[in-house]
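Step one of this worksheet: look at the structure below.
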Amino acid sequence: MEKIISIKDVTYTYPESKQPAINNLSLDIYRNEWVSIVGRNGSGKSTLAKLIDGLIESESGTIFVDGQEVNEENIWNIRSKIGIVFQNPDHQFVGATVEDDVAFGLENQGVPRDEMVKEVDDALKMVDMQDYKTRDPQSLSGGQKQRVAIAGVLATKPSIIIMDESTSMLDPNGRKTVLDLVKQLRDQQDMTIISITHDIEETELSERIVVLRSGEVVKEADPKAIYDMGSELTKYGLEEPFSSQVASLLKDGIKLPEGYLNEEELIENIWKLSSKM
Amino acid sequence: MEIIFKNVTHSYEANSPLEGIGLNDVSLAIHDKKFTAIVGKTGSGKSTLVRHINALIKPTSGTIKVGDREITPETNNKNLKSLRKNVGMVFQFPESQLFEDTVEKDIMFGPMNFGMSESDAKESAKKMIKLVGLGEEYLDKSPFDLSGGQMRRVAIAGVLASNPETIILDEPTAGLDPVGRKEIMDLFKNLQKQGRTIILITHNMDDVANYAEEMVVIHDAKVMAVGKPKDIFNDKELLTNDILTLPRSAVFAQKLSKRDFSFPQLPITISELTAEIKQQVHGD
Amino acid sequence: MNKLILGRYLPGDSIIYRLDPRGKFLITFYFIGIVFLANNVASYGFLLLFVLFSVYISKINLGFFIKGLRPMLWLILFTVLLQLFFTPSNDPIWHWGILTLSTDGMRIAAYIFIRFVLIIFISTLLTLTTTPIEISDSIESILKPLKVIKFPVTQVALMLSIALRFVPLLIDETTKIMDAQRARGVDFGEGGVMQRIKSFVPILIPLFVSSFSIAYDLAIAMESRGYKDGEGRSKYRVLSWARRDNVALGVMILITIILLFIRSY
């Protein structure tokens, strides 16, 4: 597999801070991969995202994105390859209307206007918000706002999308529409997705989970292996996946196979047991 | 304190061409010493509803009774302190209300506004900082030197320090990690057990199922349903009209019902769910 | 705070909405200028008729404009009363100490009042029918010649539109913080002056902190989307000058000629 992001021995300390927010961290991310980054509040997830995008500069170590080192010289090139969707939708709108906002990234790249009009339309269609083109983002629901923010990121055709708790301020419906959208993007476009989240169920679709603690990677494995840690997950501020919680409560009385079962597998197993009787 | 809404309507920017309805003819009773959850989609009117209880906003028409206090459209903006002392309110991202140079002073700010003596307020700050899971050593720190999660706890301590009988929580755990969330939710449950009334606005249906005894569903500025969570989550009409989403246990049970299991009533907590499964697996 | 009509955009559609914002912007300022040419009942009446007609074709409820006066009410009242009682006259109707009431004074007071109404109505009409971004776009386009002297027109315009984006966020934030502190027992506008000033500390500090963190978030979001310094950007919005905009300018010239004509009567 081809590495798209390669982070090596990176350390970063915020000014006025004693402890480093990212501490000698190394991590590789591969093209087309969906990686979840999890960890307690303050474990360094957002800081890592900002380092990858060159929004802050590491003290030591190197970061390569798509073959280019993140530095003063390449920074604009790299930013055009990465799109970030942040947590608070209200704090990321620049444009006064939906279409203006989606166009912002294209304007920055100096895309000619005729192309821009088409790209804006395409991006809005992808997130199914074309009917809201002329609306004030402020007048949309949370889920709609985040879809517009995603359209703004998609318009510039990045190869990497970073979602920094993009669903955490949404109601269940908004959350679902955003997640369905990301799923669809991953399947239809050639994108690498890095999703930062506190919601363990959201990590199930990813190929790899990276657990951070105090600015270090403490675990890195596929979801199944991570979920297998069971109640140990709470050490990293995480919740056990729902199906594991159900399974462990069922175990005193019902015989289930060892190891993590996802919801479908668990239902399958329960069903087999009950139909045998 | 019993809280009773009687035909309460609230229009934002009443009599202006930009008028918008925040609440539409709401009548509702929130019971004393209970844990009540308020749910509904974004913009349905949940925050508008609870802001009436401590008169941060006033009804355009109708009345709200909080204990023996009555709030009407004519209620004066003065003399609301005794009401606000009894009704504490924790907002979404409450850390944005911190302003003093030490945590202790910030926690003491509310109680002293409500007329508590300095020494009592200090005492209260000491108790509250421990209650929210931080040590006494935090009292001398600046709130702005703390992490987001710690600031959240200090802000909550600041509201609890005036010892309110009723505590209103407007999405208090947004952005916290699951472990932090559970600690905060357990804290509120404990406060209720000690005799407080808790009103929680949330989008998390598992929290509703796990913590609340009563539940209010708001939709389009109206109250659509009031009752026990178990009954409401089993209300077919609310579910088919997409007004309500289910807790994870109920969703799991629904999936099992497609596989020969049958649930006369959907279980809403994980213990109900697993008890039902065990019984049905062993039962027949 | 939410009641402020002046400076607010109201979504809608009518000929006034469709006019080119640059034209609207210039016309508004031009009109405010010629208001000072009016000097008699007929000329004031004529301008008032013109403004009311513009309001009519904008399809916006007159109530909005009257509300727009409200924040200025004290200023208007003060100025009008000043004229009413302090206009010196040889032929007073009523006289007491330094106060003089005369037909002259009454006339001038009435003119001043109408002048206020004209200016407020026409600027309200501009902001109600023009989005903030259109306003900042027109400013950019009007200032464009200044690029020759290295004035950072593009950056200034973007800063302006961001500042405009910021206003509702800050109003929201202020309301939230005020609510949170009121819930903690702060009474605004109670007690003596010191007390009142003190009660704003719990608002100002958090507001300061929040506006910094909102600005930081916004800056990070802009940078992550490739915003550099305004150079090398292309524009999504192009302003297009149509025939109706020429007509509008023509109308203004006509108005000026008629006004000059009535004035000399």
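Labels for the chains are A, B and C, by order of writing; each one numbers its residues from 1.
Criterion: contacts are C-beta pairs under 8 Å (C-beta built on N, C-alpha and C of every residue); 3 or more make two chains touch, one makes a residue touch a chain.
In this text, all values refer to a predicted model and were calculated from it rather than measured experimentally.
*Asks:* Name the shape of the chain contact graph, picking from line, ring, star, complete and other.
*Replies:* Drawn as a graph, the chains make a fully connected set, so complete.
*Asks:* Quick one: which chain's Cα centre is the longest way from subunit A's?
*Replies:* Chain centre farthest from subunit A's centre: C.
*Asks:* Taking each chain's centre as its mean C-alpha position, how far apart are subunit B and subunit C in Å?
*Replies:* 41
*Asks:* When the centre of a chain is set as the mean of its C-alpha atoms, what distance in Å lies between subunit A and subunit C?
*Replies:* 43
*Asks:* Please tell me the distance, in whole Å, between the geometric centres of subunit A and subunit B computed from their C-alpha atoms.
*Replies:* Distance between chain centres, rounded to whole Å: 29 Å.
*Asks:* What are the residues of subunit B that contact at least two other chains?
*Replies:* None at all.
*Asks:* Spell out the part of subunit C that touches subunit B in their complex, as residue ranges.
*Replies:* 2-3, 10, 61, 63-64, 67, 173, 176-177, 179-187, 190, 201-202, 205-206, 209-210
*Asks:* Any idea which subunit A residues touch subunit C in the complex?
*Replies:* Touching subunit C from subunit A are residues 50, 53, 55, 76, 79-80, 82-84, 86, 88, 90-97, 99-100, 103-113, 116-117, 120, 136, 138, 152-153, 156.
*Asks:* Within the complex, which stretch of subunit B touches subunit C?
*Replies:* 12-13, 16-18, 51, 54, 56, 78, 80-81, 84-85, 87-89, 91, 94, 96-99, 109-110, 113-114, 144, 158-159, 162
*Asks:* Could you pull out which subunit C residues touch subunit A in their complex?
*Replies:* It is residues 11, 131-133, 161-162, 164-165, 168-169, 172, 214, 217-218, 220-228, 232-238 of subunit C that touch subunit A.
*Asks:* Would you mind writing out the residues of subunit B in touch with subunit A in their complex?
*Replies:* Spelled out, the residues of subunit B in touch with subunit A are 41-43, 147-149, 174-180, 182, 203, 205, 245, 248-249, 252, 255-256, 259-261, 270-271, 273-274, 277-278, 280-282, 284.
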